[in-house]
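Some structures to go through are shown next.
Both complexes shown next keep chain A, but they swap its partner, so chain B is in the first and chain C is in the second.
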Partner chain A sequence: MAQHQQLHDKMNISLSLKSVAHLVAALFLFFICSMQLAAAKIFDAKSFTLDNGLEVIVVENPRVPVVTHMIWYKVGAADEQAGFSGMAHYLEHLLFKGTEKVVPGDFSKTVKQNGGNDNAFTSQDYTAYFQSIPSDHLEKMMEMETDRMLNAAPPPEHYASEKNVVLEERRQNTENDPRALFNEQMRSVMFPNHPYGTPVIGWMDEIKTYEWNDVKKFYDTWYAPNNAFLVVSGDVTVEEVKELAEKTYGRLSQKELPKRVRPVLPPSIAQTNLTLEHERIHQPAFQRGYLAQSYAQNREDALALDVLQEILSGGATTRFYKSLVVEKKLAISAGFSYSGNSKDYASAWVYGTPAQGVSLDTLKDAIEAELTNVIENGVSEQEVTNAITRIQDSAVFARDSLSGPAMIIGRSLTTGSSLEEIENWPDDIASITAKKVQDVAIKYLDINAPWHRAPVSGYLLPKEKEEATE
Partner chain B sequence: MAQHQQLHDKMNISLSLKSVAHLVAALFLFFICSMQLAAAKIFDAKSFTLDNGLEVIVVENPRVPVVTHMIWYKVGAADEQAGFSGMAHYLEHLLFKGTEKVVPGDFSKTVKQNGGNDNAFTSQDYTAYFQSIPSDHLEKMMEMETDRMLNAAPPPEHYASEKNVVLEERRQNTENDPRALFNEQMRSVMFPNHPYGTPVIGWMDEIKTYEWNDVKKFYDTWYAPNNAFLVVSGDVTVEEVKELAEKTYGRLSQKELPKRVRPVLPPSIAQTNLTLEHERIHQPAFQRGYLAQSYAQNREDALALDVLQEILSGGATTRFYKSLVVEKKLAISAGFSYSGNSKDYASAWVYGTPAQGVSLDTLKDAIEAELTNVIENGVSEQEVTNAITRIQDSAVFARDSLSGPAMIIGRSLTTGSSLEEIENWPDDIASITAKKVQDVAIKYLDINAPWHRAPVSGYLLPKEKEEATE
Partner chain C sequence: MKIIIILFIALLFSFPVNAAEKFLNIQEVTSDSGLTAWLVEDHSLPIIAIQFSFLDAGAKNDPANKQGRAKLLSNMLDEGAGELDSQAFQKQLNDHSISLSFSNGRDHFNGNLKTLSRHKEKAFNLLRLALNSPRFDAEPLERMKQANISRIKSSLTNPNWIAARLQNDLVFNDHPYALNSGGTISSLTQLSSNDLKEFKDTFLKKDRLAVGITGDITIEEVKVFLDQVFNDLPSDKGSHQTKKSSPTPKLGHYLYEKDIPQTIVDINFPSFSRQDPDFYAALVFNHILGGGGFGSRLMEKAREDEGLTYGIYSSLSFLDEAQGFSISTSTQSDKVERMMQIIESEIALIKQDGVSEKELTDAKSYITGSLPLSLTSTSKIAGILASLQKNDRSIDYLDNYKKNIETVNANDIKRVASRILNEEKMTALFVGPHAPTTNINKLEALPNVE
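After this line comes the complex of A and B, so read on.
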């Protein structure tokens, strides 16, 4: 399950904000994913709903005789009860350990034997399982996934061993890495009282405590046809999918689902600074997080924040890199990132690593000046046009990947966008104006704006150096 | 219900860390309460358990023909589900609004008509209801409290009005007070992922959302004879209480109780500073919170921390006041506080308000120097002896108040102490040595100690002033 693990890691990185370096990678990943939305209109997705409530979306693409079959559950780490962090992810692991009919590992083995590959990932808001496989095996996949939706029965000997896999994953990626711990702490301060402040993989001491019985309750509560989206893309017609879906998933009964209650963020009026001096930090770094709104909360702002990100940080010719790295030579890297794909809150980040001999405070001031410049002077129409073009080009480029459309549609649907909004994304992003970009910069990044919440700033410092920043 | 409200406020202050000024008051309150434990041996409490699991504790005291009758539920704000903050407290309000037999307000009216008074309070770990009344009315009180334990039925017209009472309470005490908001934020950063980071009264936007159905579920889950302590002190014998308790509470059936799962605190490795400059802050203040352990977690350390608090901050002749206020004239107030009465974690705080012309950083450094002095040089045997004597004297003094014994016993039992530990408290506190006091200072207050978690520091500043502290 090396690949399975790898994708896990990627997803966890993107969600747990492992480090500035990782942040860049992760946000680029998110960015790519956001960009792919620009191709949404071209999906021409068809959809129908089974009697049991399962919503099915089909993107027909006959060019290669392959399908991607993804089931997306509207439940993730942020739906765990307090004290049970990491349970959604641990459950996802155990769902590869068999059902009443399938022995542990046989699902993936069957996929492989039929020339496909499978995987799964857990985020704050959704959990998804997928296979990419020659299209004639689609029915078999649907049959097995139908079975896994309600009949998981991992043998008891896997409870502890899989727990150890997860614990080891956390140990390697986080516990032994002061940057990763620091970034978790940043996030937990950014999102007090809200599960987005808890990493998807969970807290070490909580992962250790729960048992299969607890996990089974979570599974029985949330895994249901009426709490999922099925997305199939590839060489298949909507009629074929409909027939197969009715034959397989259609057998399942719907469940009564509990309210999906999410806590709120309490008031935040104090500037918060986190500082870590550590002997295993070799390069100083600055990062600051601003609370923002997601596509689900405020679609127009989210669109504009995506454009703002592209203008500030979309490549070597855009503002942050050009000004801070190339011209002023204050940073070896610097950026602005925003990710709006979440059911609840979103966040926007600035970050940078100073060039040799430049203090963290100097870089911080320069980054602040870049933001102030946008807040006070706005951006040019040309920058906006260029940004939108780049986003749309990337989207067109990304559209035709095998699993891309299913990924984009699933993620967007499970974080609150409608299929129509996904399809309209290219038009909508094109409607963003320079004025609107400045407006969101003021709204979310100006500490004097009324909406504003105090941001959270982080300072990473090598232990031996003395810096001005306290 | 003015008194009812007042006690509420006190409890909420002590638990929500409203402000430095309030902190001092609140911790003094806690301190008094802790001190009262010193008289515990003298309680000579008797106890028995009903068949339905209700544990009953009786402190006989025939000097005045009055009893205090308190029912303590082992459930509080920290047992609320995420997203439902303030529900335990709102429920406590609604439990004054009648049952199937008693019309709204009649419980308190009956108490008053019989020459008594009643009240209730909610904390993180417990919720308690009590009446003080001439002893011949004890049976009536038990009858009414028995009814209220399982048959609450507040009429629907009180749901919204009582919600408004609570919202108004929060608005007045917190929302309009930048210090209060700041202190809530300090606490939420001190206790990430844990309900102790959420104020007992709840977050404004969450209080507004839940309905009686949700609250009723909480009530039905946790209010049960086998999840409560009944404490009766005053002019009554254990035999009399037993007979009455069997006749009243004894009728109730026990319930199957869920596991009381509490989240854990995640790692904290970064120094965290919160700064608030605000035009309604008129006096700068510094405060810093260190994570500590409670009586329930580490009894010996908690005893020593109580002694340390007395040595540092127990009065005008103890270290903080003498050094910082009187001798160095750096502060108009300064202190150290620790409160160990909690089921989970505890915290220790230093705080101070600088004298005219003294910067916050200067005061902060001086406070740190006081702690470093204890960490490096310890305290004298004489200081320890004096502190223990003062604690015990206060305890003896506090012992004979009317409701004091029931308060102390109930609070200690519901936060994890045994009756035996309560009774042994005076002996145990006397066993604390100067070495042990220094040990806990190192363990909890030395940033280089292995147990250590990075503390959280808060800087409150008037808006117009420019201070060195960022």
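After this line comes the complex of A and C, so read on.
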């Protein structure tokens, strides 16, 4: 596939994993964002709800005798109190440090002894824990995860060392890379007064401050069967899962849950431009984020934005790459991305790296002209048809995986989609018209009439060498 | 494992013995003209995945002034072929949701095709064109060169990439592996379509192929596919042989100064090949020391006990002409000294005392038990089928894998630890603001980038 589809850090998905060993899982989520979502009854998922409110979804897939078992909590970094950034993620780390019954580290060791892999990740809107393992060990996994939902008891000697692990994680993934720091700043400008502007891993100086007591309150408040989805995918039937779930998770009591109150994002009329010149940057780049609505906020718009993404940026023959890279030779790479899986606001991004000798301003103007073209002239019926076909095909490929379906379903459910909407997604995508695609471009991407907030633009540049004056 | 069970039942009727032990039912298919592929038939999804390699056709053949040649070829094969120019070719792929890509390993040149079965004719034909009549037009060639140069410039921001470049140079030193398989800014600039054509004609030959296929395809269709796609390629006429040599690593401690908050640590020891009798013991050894992630000795000590790092991993690498064992991590720069103490004491400990029976049992049970997790998608299965052939494994390798792992004992681990962890043959690289020891060689330049 040559080099056209360089993976762009979309910046609007902030996952923070317990370990890079299973970075694969996070990468898969990135992949899903470019590939799109689920499929028309493509998973044919079965579901039921336990008496305590735990909703269970099963994707039966008997190809190989293994399962992925995932528990998704409807709580994430965006539910932290101001001043406690990174706490949801620190909690996720501490949940590997044992319960009253399990000693620190034994959770993962037990998974491994049984031939499985496990990990967890935290995002703005959800926190998920998972194991992929030969299916005859599913009950054991459910038993351990049931225990971990209410009985976490990490020994005090682990509080500080695990805090250091998180600080090292931040150094490794953010502090060591000026581009990551820049992206973090872009988001904080894009989402003022709203937690999406705060990184999932937290600000360095805040991570250092909170204690287990604070974290425990958060855990006791939000970790409950009626605030979670259980998703099981693999060589197991819904009847088997039901029986096991009643035996394990079924023992737990529900909790009274607080309302998830999120601050509003105030409107802004001023465009923001951020520039970073840094001696460690060698390749200039431009990116701009537009505020948009998510599937949870406006499903029809979100569907149309997904089709628009495919038309602008769905391969080497679609508009951005064809026009900016192949024909005009202004860019080495360029793209448009939208990810609608968030509980609150979503964002759409344009980005590009300029060709040799092309200024970032020239590239920015050319990217803007592509959007203006859609706003003024719309897109063709043929483009829409092709985009819809590709999206529907991608839904077939999504079945060719064990954990993939569980990832897609869990992520969509915890950000406000229903199982029916997930299953019908390819059909709903097919209902999007060229007119609707133009409408969402006008609504969200017109720089002269922005939706709710004016966009934020970022310019990354190498630091000019100081001229010697002596 | 319905694929396997159904095939197993089928096998009961066709083969008299031993079918019950099959882990994965791999069939060797030979076409009319004598080309072979390994196939796992699976009609549960309308998807076909194919991975193939041209053996010994990788970047190790690129001379210093043509670094990135195999890489650029991998970028260019799908940029126009036959009557189709770059955009026309890409449009055929895109409109039919066909994934076609090529990649250059150091040893081998690889291809990857994934398609819905309803578009298989189209997909096979595009692959045939890409391999037999690539155009190497000037426009996409320049575009791909610029994309690679831009990739290198972007990578320069990433200290792990810098560490990988330096480690490559230290460990492979005088061997072609030391060069940059992704090319350098100047070598990429100079490469021409003639270079690519010459490379393709010399190395992409049909008798160097290793092909793995899985999914919604039958034996008869595989035979047709093989002849249609590969049979018109030139042949080595059995004379394919490359001269092999071993690198002489630069030993000792090295620092590349970089003002970053975390220091990257990469430690390397020479190891041995897949054909060595200690191969399986080495897998278990690596898992226990640092390959297993959580629960491994290095992770327990450095992360779980002391919170020094987000991760520390060991790994074995098996290139054709060089094998190594490496430990890599990163930590806050003023903690590097403590990190090195931990690594050094764990090295001493496993050499001196070996491992416990419990560690051994747990490691073996993970390594054998998790094998089915490597079969959860068509791409993974096709990858395994191609790799087995690249690595010169027999078709029943996976069937015997469990048994071979289970025979490893504690003495084997101790022996392997002593064979690999020889401090006199260690290469340690630090990328960060300062070094943990005074006895260190400073690296000034980043080799094979500009």
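As a convention for this text, the second predicted complex is superposed on the first by the 422 of 470 C-alpha atoms of A that agree within 3 Å, B and C clash if a C-alpha of one lies under 4 Å from a C-alpha of the other, contacts with A are read in each partner's own complex, and residues count from 1 in each chain.
Keep this in mind: a contact is a pair of C-beta atoms (placed from the backbone, for glycine too) under 8 Å apart; a residue touches a chain by one contact, two chains touch by 3 or more.
All of these numbers come straight from a predicted model, not from anything done at the bench.
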With the two complexes superposed on chain A, say which partner A:H69 touches: chain B (first), chain C (second), both, or neither. neither
Can A:N386 be said to touch chain B (first), chain C (second), both, or neither? second
Can A:R148 be said to touch chain B (first), chain C (second), both, or neither? neither
Mind working out whether A:P178 is in touch with chain B, chain C, both or neither, as first, second, both or neither? both
Would you check which partner chain A:L274 touches, where first means chain B only, second means chain C only, and both and neither mean what they say? first
Who touches more of chain A, chain B or chain C? C
By the touch definition at the top of the document, which applies to A:K443: first (chain B), second (chain C), both, or neither? neither
Where does A:D400 make contact in the superposed view: on chain B (first), on chain C (second), on both, or on neither? second
Would you check which partner chain A:K364 touches, where first means chain B only, second means chain C only, and both and neither mean what they say? neither
Quick check on the output: what are the common chain A residues between the chain B footprint and the chain C footprint? 175, 178
Could you pull out which chain C residues touch chain A in their complex? 1-4, 42, 44-47, 75-76, 78-79, 86-87, 90-91, 93-95, 97, 99-101, 114, 116, 139-140, 143-144, 146-151, 153-154, 156-159, 260-262, 292-295, 300, 303-311, 313, 330-332, 362, 365-366, 368-373, 375-379
In the complex, the residues of chain B that touch chain A are 81-85, 175, 178, 181-182, 184-186, 188-189, 192-193, 195, 197-198, 203-206, 261-264, 266-276, 278, 458, 469-470
Taking the complex as given, what residues does chain A use to touch chain C? 1-4, 6, 19-21, 62-66, 96, 104-105, 108-109, 112-117, 132-134, 160-165, 167-169, 171-173, 175-179, 235, 280-283, 314-318, 322, 325-326, 332-333, 353, 355-356, 386, 389-390, 393-394, 396-397, 399-403
